[in-house]
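Next come the structures, one after another.
You will see chain A twice below: alongside chain B first, and alongside chain C after that.
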Partner chain A sequence: RRSSDGEPAKFQPPPKPVIVDRQRQREERRFLSPEFIPPRGRTDPLKFYIERKDMIQRRKVFNIPEFYVGSILAVTTADPYADGKTNRFVGICIQRGGKGLGATFVLRNVIEDQGVEICYELYNPRIQEIKVLKLEKRLDDNLMYLRDALPEYSTFDMDMKPVSRLEHEEVPVNKLQVRMKPKPWSKRWERPKYNIKGIKFELPEKKMQEAQKWSQPWLEFDMLREYDTSKLEKKIWREVNEELKK
Partner chain B sequence: SISGTCQAIQKLTRVRVVDNSALGNTPYHRPPKCIHVYNKTGVGKVGDKILLAIKGEKKKALIVGHKMPGPHMTPRFDSNNVVLIEDNGNPIGTRIRTPIPYILRRREGEFSKVLAIARNFV
Partner chain C sequence: MMPIWTKSGEKHAVTLLKVQDCHVLKYVPKEDSDGKTAKLFVGGKNVSPFHKTEAEMAIFKEAGVPRKQKISVFKVTDDAIIKPGTPLYAAHFRPGQFVDVTAKTIGKGFQGVMKRWGFKGQPASHGQTKTHRRPGAISTNKASKVYPGKKMPGKMGNIYRTSFGLKVWRVNTKHDIIYVNGSVPGHTNCLVKVRDTKLPTYKDCNKNPPFPTFFADGDEELPEDLYDEEVFQFTDPSVTYA
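Now for the complex of A and B:
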């Protein structure tokens, strides 16, 4: 480069490149599937270790993607009684239950005005493909109240296209407040024991205050109910990652 | 409906007729109710035949879905669905719009005519 008066300009080093460390970002966002975390109890940890080995073995052969309650999945299973021997179902995950190899998730959809729920086992060999069409979280861990919500909140197109998202963004939290059908509901969702944040309660104030009569504010301070899984999670995460890389 | 607990279909359960037969779709002041289940236990699951009381008449019907959760990987419906049937197994309606579980295909011999008029499978 030459400046205006003809003399060579002082050496300008090139601008520093912005290094986006993708590897580190990916490792920072850790997701351990909830069925790896053993329940609190007095069983021998050897049992959970053996079960984890079997789960990792299955995961090496078949990819189980990361998903949360509230994401929309498409599952194809092998079915001897279906046309073409495969059965495809699309739905929103309303619950993830069970630990170890018996872990299940329930998908819900409304087809032709009929609500259908299917409880799939994650490690069942009949499942041929699990695809996440839309990865997102909701305000609650358990969306069973969708049974008593208006059907529009549970309808999803069977031929929905997967929603693209960038690799290492935060999982979006959908702060949708769902409107309910008129009471009676299958459970009294306004009660504090369910601790539901995703419903737009249109009940009168008196009913909401009456529901607070059943609140148990001492439960969150109960030390015998505490189950701190942070150390366990780190240990299991390291173990699972090492095994999966082999 | 009012009932809270979800059990499978037994005597006196109110059911929902899902085919397009005249008997199932004309409104009546009383909902169709089950009065007998053709089963060793009195509890009807998917694929069992029951006796229904509709519009003051008795009619046989086939259970195609219930609110009770069944074995894993099988669908659970939000209403107790039923298809009206004759004594010899012929369905009365000509079309079934609501989804039917694939499990019924196991007994293809008995239910072939019902499965033939079904549109969607789950």
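Now for the complex of A and C:
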């Protein structure tokens, strides 16, 4: 190769390789389990601090993985009345409730055409293992409407294999729109107070507009209902991480 | 309130009580207290010394202690007398003991007879005219008077009530917290009086308590957390049924 001047071409060093710092990417993706965030109230913060110490102590001995509402989990508990003394249940997490040590999650599955929901406590010492078979999020925080949806959306194989995923990938959001059984439902899910985005409503337009009568558009502007947890979350996340590393 | 698990996997609800700056204020000997037992005045939480008369502050000055929000009286036997001015800690109570807790209940204001005394009221329909939550009859014809103490509407709550026979599951000596079984009267962060049980079933349960009290400057070095034998500690692995 010769340049226009006729002199030999200057040595061009190869382009620098782009180093993807996996550690920093992992740290940027922070996940704090929702039961660590204290509710708004007049309780002494010392009580939450003491509870957090107990929760961290339990997490050091027993691994509680990161999971969201909509992920499929397998939980084995110690049961004195079962043979083998353990009881394994696989299901989709439909709800995460409670704060502190009493935090719970509800798993749902359909076994032999019978819907079964079991509410487990995260910090119960009888739980031997919590395994995440498929980690994903859904469009809603509360999937109680699966009770009124067609049973195919709640059936999961008891011997399901765990779905592999890369460490630093973002948690996938399943934008599935679920089809419902004919009305009546256990709750009027079309009403705006539940704010459900994961149902494919096949109701006539008139019914949908009638449901909007119960909307409360002033709620999002109500300042007394605001509870900004960002600073609290950062502080608690730092504290929890430091303790867990020890 | 918090859950606590036993080693056999059962869950119990537990109330946390914090011992905040408790000092012994005054000792009244047997003869002066007009009874068979001596009295000890104990004060609770520290508050500002202003907005109080000199006469009321006299007790605190004598004991050499900042002004307390609440003073309560404990009837004590002669061998359990403590010098005024000694601080009292949560380690005074040990796990496995049984305890009575007294406090003022949550005030509900003026309440009707259905909420206050649990009356059944009247049916909602079938011809009832303006009568759904009323007491109905208040006395008989023969009595021709209303007995004193008749249950009627009035101010409900804000009175002292005691929960008896509550087990102490755990004591945190660093932050002075007592974990007491079940619920306790009063709202969150209210002042509470904790005392050894008077129930006869638990007479033999309080074995070797710190007598007369737990002294912090003594030789005993207690661990940060004292647990009852049956309590599941989070440092142990998960519970299994072999």
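The definition used in the following text is that the second predicted complex is superposed on the first by the 231 of 246 C-alpha atoms of A that agree within 3 Å, B and C clash if a C-alpha of one lies under 4 Å from a C-alpha of the other, contacts with A are read in each partner's own complex, and residues count from 1 in each chain.
Assume a contact is a pair of C-beta atoms (placed from the backbone, for glycine too) under 8 Å apart; a residue touches a chain by one contact, two chains touch by 3 or more.
All of these numbers come straight from a predicted model, not from anything done at the bench.
Under the clash rule set out above, the superposition-derived model of chain A with chain B and chain C shows the two partners fitting side by side. Contacts of A:89 after superposition: chain B is touched, whereas chain C is not reached.
Within the superposed three-chain model, A:33 lies out of touch with both chain B and chain C [touch as defined at top]. With chain A used for the fit, chain A forms the apex of an angle whose arms reach the C-alpha centres of chain B and chain C; rounded to a multiple of 10, it measures 70°.
Of the two partner chains, chain B is the only one touched by A:186; chain C is not. Contact with both chain B and chain C is seen for A:124 once the two complexes are overlaid on the shared chain.
Shared-chain residue A:61: touches chain C; no touch with chain B. In the superposition on chain A, contact of A:111 is made with chain B only, not with chain C.
Contacts of A:79 after superposition: both chain B and chain C are touched. When the two complexes are laid on top of each other via chain A, the two nearest Cα atoms from chain B and chain C are 10 angstrom apart.
Chain A residues 79, 121, 124, 126 lie at the interface with chain B in one structure and with chain C in the other. Against chain A, in their complex, chain C makes its touches with residues 2-3, 5, 9, 11, 16, 18, 172, 175, 177, 188-189, 232, 234-242. Of all residues in chain A, only 77, 79, 81-83, 87, 89, 104, 111-121, 124, 126, 147, 184, 186 touch chain B in the complex they form. Across the interface of their complex, chain C is touched by residues 41-44, 46-47, 50-51, 54, 57-58, 61-62, 78-80, 85, 100-102, 121, 123-128 of chain A.
By the touch criterion given at the top, residues 2, 4, 18, 65, 69, 72-79, 81, 97-99, 102-106, 120-122 of chain B touch chain A in their complex.
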